[in-house]
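To start, the structure under review is shown below, and the notes come after it.
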Amino acid sequence: MRQWLADVWEGFFTVLVGMRITWRHLFTSPVTLQYPSVKWPLPPRSRMRLFMKYEDCIGCGQCVRACPVNCISLKAEKRPADAPPIWAANGQPIKLHVAVFDIDMSLCCYCNLCTYPCPTDCIYMTPEYEFATSDITQHLYRFAKKDAVFLTEDPKKKAAAPGAAAPPPAPQTPPAKPAGA
Amino acid sequence: MDPKAIHETLVAKFGEKIQGASLEAASPFSVVAAEAIAEVAAFCKADPDLAFDNLMCLAGVDYPKETPPRMEVVYQLLSYTHLHTFALKVQLPRENPAVPTVERTWGVANWHEREAWDLLGITFLGHSDPRRILLPDDWEGHPLRKDWQDPEYYNGMHVKPTQQMAERALAGETIGVGPFDFTPPNRHVKEE
Amino acid sequence: MPSETTAREAGRGEGGPVDPAWPGQPEAVGTSDWDQDGLDTDEMIVNMGPQHPATHGVLRVELRTDGEVVRAARPHIGYLHRCFEKHCENVDYPGVMPYTDRMDYVAAMGNTLGFALTVEKLSGIEVSPYVQTIRVVMAELQRIASHAVAVGTYTMDIGAFTPFLHLLRDREKILDLFEWTCGARLLYNYNWVGGVSHDLPDGFVRATRDLLREFDSVTFPELLDLIIHNRIFVRRLSHVGVCRPELAISYDLTGPNLRGSGPARDLRKDAPYSGYETYDFDVCVGKGQYGPLGSCFDRNWVRTVEMRESSKILHQALDRLEKMERTDVHEKVPKRVKPPKGEIYFRTEAPRGQLGYYLVSDGNVNPYRVKVKSPCFTAMSVFHHLAKGMMIADVIALIGSLDIVLGEIDR
Amino acid sequence: MDATYAYLVQLLPAAAGWPPWLVVALIAALPALACFTFMSLGPLVYVYAERKISAFMQDRLGPMRVGPYGLLQTAADTVKLLFKEAIFPKGVDRRLFVIAPVLVNVGAFMPFVVIPWGARLQPADLNVGVFYVVAIASLSTVGLIMAGWASNNKYSLFGAMRSAAQIVSYEIPAVMILLVPVMIVGSLSLHDITEAQAGGLQSWFLFRYFPLMPVAFVVFFVAGLAETNRAPFDIPEAESELVAGFHTEYSGFFFAMFFMAEYTEMFVLSAVASVLFLGGYLAPVPALQQIGPVTIGSLSIGPVATGWLWLWLKAWSLVFVMMWLRWTLPRSRVDQLMYIAWKVLLPIALVLVAVVGFFVLQPATAGGFPWDRWVGWPLAALLVAFLFFVMVRALQWNRRRAQELAAQVTP
């Protein structure tokens, strides 16, 4: 009987304790957001959609080899010998003509492994995350451009040359790159 | 007990049936004759000095390029009493590999052995429930074998994706979006 | 309250195939006794899953029930099988990392940490203390996040929604920290062989401290009050799914599932890695305060208090981080990860238990063979033993208390 | 009926000359129509309230999209449900499948006939009102079993069986408790029961025989929760166990009908509980029973009877408590449910009936009042204060114990 009473009382009491907590939460401010109208500010390192800056790609194919899911397909051919020399923004000469650079974002696993080996940092992940479509072919991003405007001067030489009027248009590359991956 | 002592205990008990050992490796192990594994396992569990009451992992490995080609089953043992670990290894022929089950010693072996059968095709003699576990029941073949070829179809479905979009694009189909004439943010986030 | 036992006894009492091995001589465990043809007339087969709301993913359980009482249960797994182990043989070591993330997607940090440590051990790489401390911080934050999901979804299985969302709220804050650090919220690819992918951002320590303070002082006591000590919750669980230590060890239950049965075995104490031996923390075990030791309540209880212990470890690790000099987190990352020929079995204490990697290397850039001993896989293998004689509602409680993630079972 | 007739004649003086059958049909149809419209629109509000309340308790926002603050969300949902295809799965018994939701709704709506909204605002003042409510509300059980059986689904069948067992068990303590006010009043008419509580807050039955009637109220409320399948007794539709219980296979409009019935039952139960214990349409202070007449300039309004408002408020606050409970508590198990019904509620109810019956027979306490006013009320104040004190102390103790248990986790 005593056990019975204690059980009943404890059942009743723990219910009240729980109710007290939910009552308190009734008046705390919500933590959720109204998503499309209010957006969470993303931290700068967010890894979302991949982007490849075609003007800086030297066609080395390291990203293709690093990708664990084979979502990058690249076709590069030798530039003709008589073509004018061009450079990537960090001063790497572009020896190959990148005919095709496709990223299938429907396969991408957002692991960020492709961005590390890139010698010119032309492939990187952007904080853009709203790219859902109802057509899966819209997830094949074709980065190769027919009419790309390349740097025709070596940016390093230009920067070093005395009296260079303006800095090169493309942003500077980061100084050091972590090894590996 | 250190691996050497464990190995010696096993050799003293089973003699010829312990065929070799590698005691300096990162995970030391003894090689046990296939037909003896069940009794060795039972001994390992029952012996108070060894007291391997836990089978941490049971893995099958396929070595087609070794001479002779073989399959291995590796039993990773742990004793919760003494907190020492050891491994037993069984070497099997690649054709019709079969080894006695140890599920009566460690209950967990039931599923591990089913998995080894499922993915590598190693038969466990005397197993109480020799069904596939991860793959569908009507799957043919054992994918973790090194000579495994993906089938074209399974139940009328393409096992491989028909053709990836990138291949279609390379073949000249006009799909996909681009080119992109802007530079989105985040380019040099690596340096910060 | 005697009703819990009577229900089970009714299941084991008259008629019906009663398993002689339950509650189990360890010699007889391991056999399965599903007899499809021997169905009694008053029994029926209930198919629970793979689309059942409470099977934590795509688990399918066949139940042979007599009324509400389960006579026999047979779990079917593999609905989420992606053959992770085959993938590993075809990609290089850094490329394996994203795949390990996707096994236990609720606790991805633990998976990558385990694989990174395995490869490091085989190749003889020692990471700096700074990286080790970062890894500990991340692993413990992940443990809190993972247990929050485990306990939260468990309360939802039992029928209470509110604690689930309260816990997810705190988990989101942890995920914010992860996103801040490495850019991803769920699948991080953060632990690398020989380092971590990003250094901690400035202000990380302070933000983590704020989070922990709120967790310790608000969420955790509220969780205990709201649900864990609730009488209905206790009554639902405290006599259900009792797993004795011998059975647990024989079936290789690890982590909170094993500790819920009594043995205080934690790899962070028994075989420390990443400098866990230098932290002061306790191993949480089930106490059986409301019923027999090893019940669903005890397993859940261990998870609950482990969050508190993780927070204790985190406080110490954050103290060290503040004093420590920063080193390059990529310092030891090899240009090409090529471990020497050999094989290794290495295990870490992931949130769900011992996560073991059996790695065979033939000296190439690709692993020759990777076998994962996932804690959920072994935890699920004991299911048919514990489920016998339960009621259907208890089956849900049992699945939840084993805290399975189907991505890891099926791999 | 008389009142309705009076209204009718007032509105349409010509109606007095109509043939009697038409008049009778009209005076029967008008309140029925009014009742039904009011009540069937009710669930729109309840569902919205439930979603908002649950959201706030879980630190969420709840529906916000449709209309300002999501006010039109339930309307949109209703439209969606009405336009959705009603799917008949293979093997259902079509006739029963269609009748079942109708029957459940009949059981849910019919009790409104006898609920008094004011001294003369009552569709029908049956002299067996209480009995009628109990009898007609049980009709929905038949509907639930029909639904479970007709669905040709094992989960539905489980749900139906559970609900049958549950409602039959909980009917007994509920009816026992209903006896208590009936004994005090000596009438089964809900109107008479309400009128017997006239005289302000202190003469409500909740506060008579002080320690007894609150307990009776709680018992009745708990039994009512079980009868309406609300948490923590929502096991017939326990979504984590039985997917959705008896309405697993229902879709579209039929599902909407079950949904409507559930919320209507909630309101019915709350209204009946208010009538029996909280004074029904009576205001807590007699002066508030009617407002007015208010004279603004030359315009004179009133007197306006506020009875309907009071009943509505009381019922609503009980509905709120039900929602509050639902979002706090986990679900209990079938056998525990039976335990609570037979071993907790029924003994308490029996004791209450006996003791209150004794008091009713005693001339000194027959009205309930002399004993109450001078002993009960001070006692009540003391007891409430004491309970408050105990609550606070126990909370502190609970917190401390939780912390202790969390602290000493080593074996």
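Letters A, B, C and D name the chains as they come in the text, with residue numbers starting at 1 for each one.
Operating definition for what follows: contacts are C-beta pairs under 8 Å (C-beta built on N, C-alpha and C of every residue); 3 or more make two chains touch, one makes a residue touch a chain.
If you're wondering where the values come from, they're calculated on a predicted model, not measured in any experiment.
S.K.: Work out, leaving chain D out and holding the others fixed, how the remaining chains group together by touching.
M.R.: Without chain D, the chains stay as one piece.
S.K.: Which chain's mean C-alpha position is the greatest distance from chain D's?
M.R.: The chain lying farthest from chain D is B.
S.K.: Does A-C or C-D have the larger number of C-beta pairs in contact?
M.R.: Between the chain pairs A-C and C-D, C-D carries more contacts.
S.K.: Provide the C-alpha centroid distance between chain A and chain C, rounded to the nearest whole angstrom.
M.R.: Distance between chain centres: 30 Å.
S.K.: Using mean CA coordinates as chain centres, what's the gap between chain B and chain D in Å?
M.R.: The mean C-alpha positions of chain B and chain D differ by 60 Å.
S.K.: Taking the mean of the CA coordinates per chain, how far is chain C from chain D in Å?
M.R.: Those two chain centres are 43 Å apart.
S.K.: Starting from the mean Cα coordinates of chain A and chain B, work out the distance between those two points in Å.
M.R.: So the centroids are 36 Å from each other.
S.K.: Counting only residues that touch at least 2 other chains, which ones in chain C make the list?
M.R.: 1, 162, 166, 169, 225-227, 229-230, 232
S.K.: Mark out which residues of chain A touch at least two other chains, giving numbers and ranges.
M.R.: Correct list: 15, 17-18, 20-22, 25, 31, 45-46, 125, 178.
S.K.: So which chains end up touching which?
M.R.: In this structure, the chains touch in these pairs: A-B, A-C, A-D, B-C, C-D.
S.K.: Any idea which chain D residues touch chain C in the complex?
M.R.: 54, 57-60, 154-155, 158, 161-162, 231-232, 234-235, 238-243, 327-336, 338-339, 395, 398-399, 402-403, 405-406, 409-411
S.K.: Contact residues on chain B for chain A in the complex?
M.R.: 164-167, 169-170, 175-181, 183-192
S.K.: Under the stated contact criterion, what part of chain C meets chain A in this complex?
M.R.: Its residues touching chain A are 1, 91-92, 94-99, 101-102, 162, 166, 169, 172, 179-184, 187, 189, 192, 194-195, 197-198, 201, 222, 225-227, 229-232, 328, 330, 333-335.
S.K.: Using the touch rule from the top, collect the residues of chain D that touch chain A in their complex.
M.R.: Touch list, chain D to chain A: 53, 55-61, 64, 324-325, 327-329, 343-344, 391, 394-395, 398.
S.K.: Flag every residue of chain C that touches chain D in the complex, lowest number first.
M.R.: 1, 3-4, 6-7, 44, 46, 52-54, 67-68, 155-162, 165-166, 169, 220-221, 224-230, 232-233, 235-236, 262, 264, 282-285, 287, 289, 305, 308-309, 391-394, 396
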